[in-house]
Amino acid sequence: MVDSPNRLVERMVGHRVTVRLKDGRQMAGKLRGLDEHMNLVLDEVDETTPERSRHLGTVVLRGSNLVSLHDPQGSAGPSA
Amino acid sequence: MVDSPNRLVERMVGHRVTVRLKDGRQMAGKLRGLDEHMNLVLDEVDETTPERSRHLGTVVLRGSNLVSLHDPQGSAGPSA
Amino acid sequence: MVDSPNRLVERMVGHRVTVRLKDGRQMAGKLRGLDEHMNLVLDEVDETTPERSRHLGTVVLRGSNLVSLHDPQGSAGPSA
Amino acid sequence: MVDSPNRLVERMVGHRVTVRLKDGRQMAGKLRGLDEHMNLVLDEVDETTPERSRHLGTVVLRGSNLVSLHDPQGSAGPSA
Amino acid sequence: MVDSPNRLVERMVGHRVTVRLKDGRQMAGKLRGLDEHMNLVLDEVDETTPERSRHLGTVVLRGSNLVSLHDPQGSAGPSA
Amino acid sequence: MVDSPNRLVERMVGHRVTVRLKDGRQMAGKLRGLDEHMNLVLDEVDETTPERSRHLGTVVLRGSNLVSLHDPQGSAGPSA
Amino acid sequence: MVDSPNRLVERMVGHRVTVRLKDGRQMAGKLRGLDEHMNLVLDEVDETTPERSRHLGTVVLRGSNLVSLHDPQGSAGPSA
């Protein structure tokens, strides 16, 4: 079964995901929206850098700065 | 509910937002306009770098240098 | 025999592959899906950086951050 | 009121603006022209780097190296 | 005689080539396939970094990370 | 008067210009040609790096590495 | 006389040229071919880095890594 990356990310909407950015920061938040460039909207975001952690609320992320995105609960598994 | 990043940013027009750039600087200002490349216009901008803070007035930002944008007041929540 | 890179990666779906990213991290996981930009979906991912190793579950990777991908078992050899 | 970044920059033609480049340099000059890639023409340019300051005359800047542009006098405010 | 880069690389299929990547690594392997973005498939790859050398098997390389490619045996010379 | 960057550079053909590249080098030479990507041809080029200076003759420069271009004599002023 | 960069490089085919890459390396070789992305084929290449020099034979170079190209003999002057 082949699963397209964009379709998988769409199935993650509503889930809490962890995103890593090119500048080394990591953000965890509830995925609220995305577009075809993988620009993302995350709610209730907690940002972590090597130095500190802070709460940011709603964040828009540019897809071009995204390295990876994962779903720590694994709740975006293949539909059975 | 899926919410497109561009639509969310459009709803933030008139709000004070915080923008992070690829070179590490951060700018806070009132969002006045944007385009489909996420080039932004901000008014009454305060710029913060690790070294200092200064007032810049109206600023045009290239979308290609944007990492993230957030709305500290959370005023861009989903329309109820 | 000329073998297109995308076709080869498609033949790797279901196999465990190792991916190297531009920021130096390496991820090993079962390839679940891909698209024409070589964005990838990997399951049961183990991430390795020079400093540490950790388990991440399902991960979506941006093709623009990919450097190389290989199949340690060589199971994606040319169809005989 | 939504104000497009390109339209705002067009309204700045004839004004003295300050431009920041990706390599950290800053240039102040009178905006003479621009195109849709935000390539700019500036006249009577003064360039400032962390090390020194110098006068350059007329300069063409590649939009791809632009980080931000601002109008210190705020003279490009919204038309009343 | 003008020889297009892609045509030359196609003539190298089946030969052992040496590829240099943007991150400084070098890979030597038998060229098995390529596409119009110069994404490559190499078999029996030996990877060399300034620190170490290791065997990787079959590797898919993103053309966007390629700096140069050469054929140490010169076997891809112009057809006589 | 709005003056397009490309048109201004075309008017500089035949003049001695100074070009700054992303890697910090600077080249001064007589502008002989250009294309729509701002790839440039310069004749009688003198290259300056922080370390040294040398004469290069005719040089083709990739527009994607250009940061800025200026005309020290100001001879490319607006046509009166 | 305006001379397009691509046309000039085409006229250099058969000449020995010196190419500088984004990673600081320099290659000198006989230009054998090119395409519209300025991907190049060079024969009898000598590579020079700040540390050492070595002979590479035939090399394919990605245009996206090219900074500049010049013809030390000046043999690609304008046709009289």
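Letters A, B, C, D, E, F and G mark the chains as written, and numbering starts fresh at 1 in each.
Here is the rule we go by: a residue touches a chain if its C-beta (ideal position, glycine included) is under 8 Å from a C-beta of that chain, and two chains touch if they have at least 3 such contacts.
Computed from a prediction, not measured in an experiment: that's the story for all the values here.
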Legend entry - Touching subunit E and also subunit F, the following chains: G
Legend entry - Whole-Å gap between the CA centroids of subunit B and subunit C: 35
Legend entry - Centroid distance [mean C-alpha coordinates] between subunit F and subunit D, Å: 19
Legend entry - In subunit D, residues with contacts to at least two other chains: 22, 64
Inset, instruction - Can you trace the ring for me, subunit F first, then subunit G, and on through the rest? - result: F, G, E, C, A, B, D
Legend entry - subunit B-facing residues of subunit D, complex: 1-9, 22, 24, 38, 63-64, 66-74, 76-78
Inset, instruction - Can you check the complex and tell me which residues of subunit F touch subunit G? - result: 10, 13, 21-23, 27, 32-35, 39-41, 45, 56-62, 64-65
